[in-house]
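Here come two complexes built around subunit A, the first alongside subunit B, the second alongside subunit C.
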Partner chain A sequence: MIENFDLTMVNWARAQFALTAMYHWIFVPLTLGITWIIAFYHTIYVRTGSNEWKNLTKFWMKLFGINFAIGVATGIIMEFEFGTNWSNYSWMVGDIFGAPLAIEGIIAFFLEATFFAVMFFGWNRVSKGFHLFSSWMVALGSNLSAVWILVANAWMQHPVGQAFNPDTARFEMKDFADVVFNPVAVSKFTHTTSSSMLLASLFIISISSWFILKGRHIQMARRSIAVAAVFGLLASGFTAFTGDEAAFENARHQPMKLAAFEGLYKGEYGAGLVAAGLINPTKQPGDQQEAFSFEIRIPGLLSLLANRSPGSFVPGIEDFVYGNDEHGIMGAGEKIKKGRMALANLDAYKTAKEAGDEAAAWEALAAFNENRDFIGYGFLERPEDTVPPVALSFYAFHIMVILGSLFTLVCILYLFFSIKGTLVRQRWLLGLGTTMFFLAMVASQAGWIVAEVGRQPWAIQNMLPVGVATSNLTAGTVQTTFFMFLALFTLLLIAEIGIMAKQISIGPEED
Partner chain B sequence: MIGNLDYSTLQHLWWLLCSVVGALFLFLNFVQGGQSLLWQVAKTGLEKDLVINSLGRKWELTFTTLVLFGGALFASFPKFYSTSFGGAYWVWILILFTFIVQAVSYEFRKKPSNLLGSSVYELFLFINGSVGILLIGAAVGTFFTGSNFELSSYNMVTWTNPLRGLEAAFSLFNLSMGLFLVFNARTLGAMYLVNDIDFSATPDMENRLRKACMVNFICSLPFLGYVLVSLLLMDGYGIVDDRGTIAMVSRKYLANLLANPWLIGLLAAGLVLVILGVFITAKSRSRAGIWFGGLGTVLVGLAVLLLPAYNNTAFYPSKADLQSSLTIFNASSSQFTLTTMTYVALTIPLVLAYVAYVWWAMNRTRLSAEELSDETY
Partner chain C sequence: MRSRNNINLRISGPVRRVIHFYVDGFRRMTVGKTLWKVIIIKLIIMFGVLKLFFFHDFLGSRFSTDKQKADYVLSELTRPVQNQKIMHKEEKDDREF
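After this line comes the complex of A and B, so read on.
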């Protein structure tokens, strides 16, 4: 029998994965975005031959290098953690999930690692053209790695192109194109890379604004901002568009997640989007309490977001937990029953196979096939277990959206005053601008929470809950490594911030 | 053509591909070897900077090869991934820790306000080069000596030793494998630094490096000898029938060598090349030793990784429950996935080609003291 593990250990394993992923995610979006902008600066330098552009390129490259090293350090642990802490997951879906990880290594990481050395140390070793080519290759390599890891992640959210093989008792790949061109993968990749580009633009805007406020490197800061504001504005428009697309995909494939984002317990026609609200912390599915202590809704907007139609029906959390016959939604309770039957039939099938009783095996297999789509639900205890943490999902989603809108406005203002040539005098905007990178970090981490917390309790949506995906470890062991990672990563983060701050205060070289 | 390959051929092919990546990783361990030599061969600040900057332009290649080794194993032998990583938890976590601290050390070491100071980052590099490689060697040793796990009928792993993998380091064979890799990495490290650095400002370091190459090679010999003799004499974990039953087979690895004489060829050619590389480096003024030592290490590594998997052998055997042992047949991905990944693997020659081109372009001129004034670690 596939066992459920000790819940305390599972939660520590989740905490450890969340910790390592969130630390990793501090560094990755900056790398994804800033590599393109640096390649662009580098191109201007090669085309103009201007030393100022060279110094500017080198300055941002240096900051990128510091960030990149720690991104690599936190990244290796992510790959191996699937094995160390989620070994049952690795076995049950490795046939599908391993492939994008290997491809990421072959196609993306080597590109990144090989050309990184040329980008940093090639100034006098290779031709100008090849050096510039290397900068573009680093940007391409980083973003290709995002393609593959997001293909893997999207597959966890919307597992396509696979089938459960009762003989090996694991999920196996049936169609590689389905896995790669998964609609969730497309929306995830475009949303992640465009928001990373926005974050990197805000990084440059924040530091450059600080320079202008301090009266240092003004020419370099203005040039940096001019490029970053254009990149940022384009990226913010694309982020909003792809974010809308991601929400639409959620409504198709993870409707429970969308309902949790909005704290929507009972489905509605013409459902409104919460513009601002406070979640009632004691609210449970099925009780009679209000979901919000306070809320302002924009009527019809959630229906529009979910179904592209403002009057349409958007199902709520309780519709999925208890079922809704009118809309043909099967409740989680019934799914759990079917899932348990599937698991029992799978056991019977394996036992009959081992005993060499072909007839009994065939019969058990037929019975298993009737309920095989619900196998993941068989591991859950109660229908309410299918509900993700609502408050965390709700706040993370809304913080992300509100900050995203603010960033668009800030980029417009920076671009406007850059074109007018009066940016240096807008001290209020420059003051606001210095905070933008930190807010972009908050939005970025919130986005990660939205994607990953919103899919609980599933490691693989509807197929494998986190409770059966872990390794057979004691809670104490995982706790120990959790604190080891916490201590080490925090130490490295403090060092990184110190080094980065020092390099910023030193500023770019000036001829 | 790839679409017509049968399952067993694909399983053999993917073990070969994983082994090639693993063997390349062992060659690229010259970075780790160089790190562990730092304090011994570099006596002044300039010498240290030269060593660190020379290795610092290659460390990511080694790191990425390790990441690819993990990814390739995950995609092609997921049961190994789940059993070994989830089971031998502590040994892998410690290995990973040594690589986490390595990754930041090059970038952070010389930067002002780096919190810990240069010597701590140098210590991190030493730990990665010594403890990291030792543990990797011990883990490779378990391919022959076996581990302590049981798999349920649903392939969930239970580790039966509370040390969770660290017990591997207490076997003389595994320890010898680890120490051999450490000394071999140091031998290669010395060869690479001799190849890459322009010693006109630091002539003493060149002599120290050339000597270190020989000394570390000699240190590696007893461990290599013990590993090779043990391999010829020890019993191994063989697949003894069509149902995949595992049993202890007397002198299994000797039998594997005799059944595949080309493995003996790989081993012998590899060893000769390494010896040649050592003598070229230590006894002449040539810089070319790394090419012989590197290729030799790849060939030896390949033989060592193929030996426990081919010829109906369990590559990740369980001492606790023989029938839980992993073979390339019971641990692999499905035929569909292996076929798909084989198409992807067609891009590997392209990757190797641009890696080689960039290596050539970046190493055309040796790293000199003057260059360190700009863009350094």
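After this line comes the complex of A and C, so read on.
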């Protein structure tokens, strides 16, 4: 069925969206996290009146400003792409996404735009209290904007509070609260914001470590690290907790994704979590090959993660593809049949409506409603088409988890030596610390890959495969804009790194 | 006359202060001036080039009413069924032939 759509164009549209979203995602987590830490530094300055804290706050504020300015509006490009490359999808979800994205726009505009200027221009020109309030409002505003974007994203992963209208071909919102309090949205928001705070802490640790190694601004760097290490440690604990919650929600609503990022082909009782492993790249569902060339598993941990019970059964990729009667799991083959029936009945409904045959239309609609939850499967050709790219999901997930554990350890060490007062002498740790921001970016991008590659082939889980969500365009059109974006983003990134590096080398200015 | 001027001053006072706050803030910017240049160039490229020449609203540029857009998307969704119907018809015609 899906061969009816131009897959070359689909893959270019996918690549373009991935490029845009991942580029946008370079800036977003730093903005989300660093605004809280800056507001905290600012609070210390207001409470102590110390000029050193003021200079420190202004320095980090300047770096945040650079990140914000280069990143601003890069998200709008995704909206261009929705209208051009993903018009079927845009039309179908317009009713659901309209409200959250409008609220995001209003909150972002009023909170961020209003207080952003006061935060940057307000030194000695508004009262200290109002200035500080503005810093906290910028942090709150940027994080509140993230709520609505993540609500929209979570809906695609777990489409709740909606009904498909066969007359308009749109998903219509039936319950706003269901959409907003979607459990996937809650876990996404908490995991995103906590990991962003961790990333921002590591940004401060990296630059401050570099200052100490160079013997410059040592006092400022030590103070920055003392706060950032505490923030980082708290955020890493919360990131692990919310990550566990996200995996638990995956087990409920996107179990294929969970199985893919653990490379679990056959379901198991007491399933182990892979601590380290090498995926067999030629492994396909249903064949007799081993899934891993090498693996180290922690027994029972995946079952604990998925079901809160170490001995419980965790279904694997093949259970979802071919079905598992013992555990009541319907195979993708049966779902494809039901999906095709839904599509045939949708077509019959449309034809009857056009012919003015109301009785036939109602009959077709009743038949459609019986299978509408499987409609997306109707576009798939084979049961194996429901499997996301396993190797990419597995490696992205494990890189994210391993780096997350490293970050916790680094924050503990920085905090320990800061309390002991010997941080300046730990040159090995400071050297390691300078690499932390880059590694945090890698972990952050890996997290995006886990979330978005792991849910393939779906644009909307079970409802709309990516291949059907696109516009009827030629691949050449999308290729041209892909390379234009690549050039634009590369130039912007060079500009950001250049401007940021220059400001870091200048360091904090004395007030 | 004097009281009317006082009222004007009172109304314009806060507004003038806000305007002055922004004008002065922009004037004092150092790295901010470079950043504004980057933002403006970026927005010109995005809206003046990319949006204008490359990113047309696919449905909006082809259809004028929501009904037409809905019919088009529905026909896209049921395209596999239509194609299958055509295939079956061709197979049947071939057999009859």
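The rule we apply is simple: the second predicted complex is superposed on the first by the 500 of 511 C-alpha atoms of A that agree within 3 Å, B and C clash if a C-alpha of one lies under 4 Å from a C-alpha of the other, contacts with A are read in each partner's own complex, and residues count from 1 in each chain.
What we mean here is this: contacts are C-beta pairs under 8 Å (C-beta built on N, C-alpha and C of every residue); 3 or more make two chains touch, one makes a residue touch a chain.
Since the model is a prediction, treat every value here as computed from it, not as a measurement.
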Check your understanding: Mind checking subunit B and subunit C on superposed subunit A, clash or fit?
Key -> clash
Check your understanding: Which partner does A:T434 contact after superposing on A: first (subunit B), second (subunit C), both, neither?
Key -> neither
Exercise for review: Name the contact category of A:F379: first (subunit B only), second (subunit C only), both, or neither.
Suggested key: second
Review point. Is A:G65 in contact with subunit B, with subunit C, with both, or with neither (first, second, both, neither)?
Key: both
Exercise for review: Could you say whether A:N11 touches subunit B, subunit C, both of them, or neither, answering first, second, both or neither?
Suggested key: neither
Exercise for review: Examine A:L473 and indicate which partner it touches, taking first as subunit B and second as subunit C; both and neither are also allowed.
Suggested key: both
Review point. Where does A:L343 make contact in the superposed view: on subunit B (first), on subunit C (second), on both, or on neither?
Key: second
Review point. Counting residues of subunit A in contact, which comes out ahead: subunit B or subunit C?
Key: B
Exercise for review: Answer with first, second, both or neither: which of subunit B and subunit C does A:M173 touch in the superposed model?
Suggested key: first
Exercise for review: Identify which of the listed stretches of subunit B (24-32, 186-194, 204-212 or 366-374) has C-alpha atoms clashing with subunit C after the superposition.
Suggested key: 366-374
Point to revise | Set intersection of subunit A contacts, subunit C complex versus subunit B complex | key: 1-2, 65-66, 69-70, 72-73, 76-77, 80, 83-85, 87-88, 90-91, 117, 120-121, 125-126, 168-170, 350, 471-473, 477, 481, 484, 488, 492, 495, 499, 503
Revision key, fill the gap. Residue positions on subunit B within touch of subunit A in the complex are 57-58, 60-61, 63-64, 66-68, 70-72, 74-76, 78-79, 81-87, 89, 92-93, 96-97, 99-104, 106-108, 111-116, 153-159, 164, 333-334, 336-337, 340-341, 344-345, 347-348, 351, 354-355, 358, 361-362, 364-365, 371, 374-375
Review point. For subunit C, which residues are in contact with subunit A within the complex?
Key: 21-22, 24-25, 28, 31-32, 34-36, 38-39, 42-43, 45-46, 50-51, 54-60, 66, 69-70, 73-83
Check your understanding: Once bound in the complex, which stretches of subunit A touch subunit C?
Key -> 1-2, 4, 62, 65-66, 69-70, 72-73, 76-77, 80-81, 83-85, 87-88, 90-92, 117, 120-121, 125-126, 166-170, 340, 343-344, 346-347, 350, 378-379, 468, 471-473, 477, 480-481, 484, 488, 492, 495, 499, 503
Revision key, fill the gap. Counting only contacts in the complex, subunit A reaches subunit B at residues 1-3, 65-66, 68-70, 72-77, 79-80, 82-91, 94-99, 101-107, 109-118, 120-126, 130, 165, 168-170, 172-174, 176, 350, 354, 471-473, 477, 481, 484, 488, 491-492, 494-496, 498-499, 501-503, 506
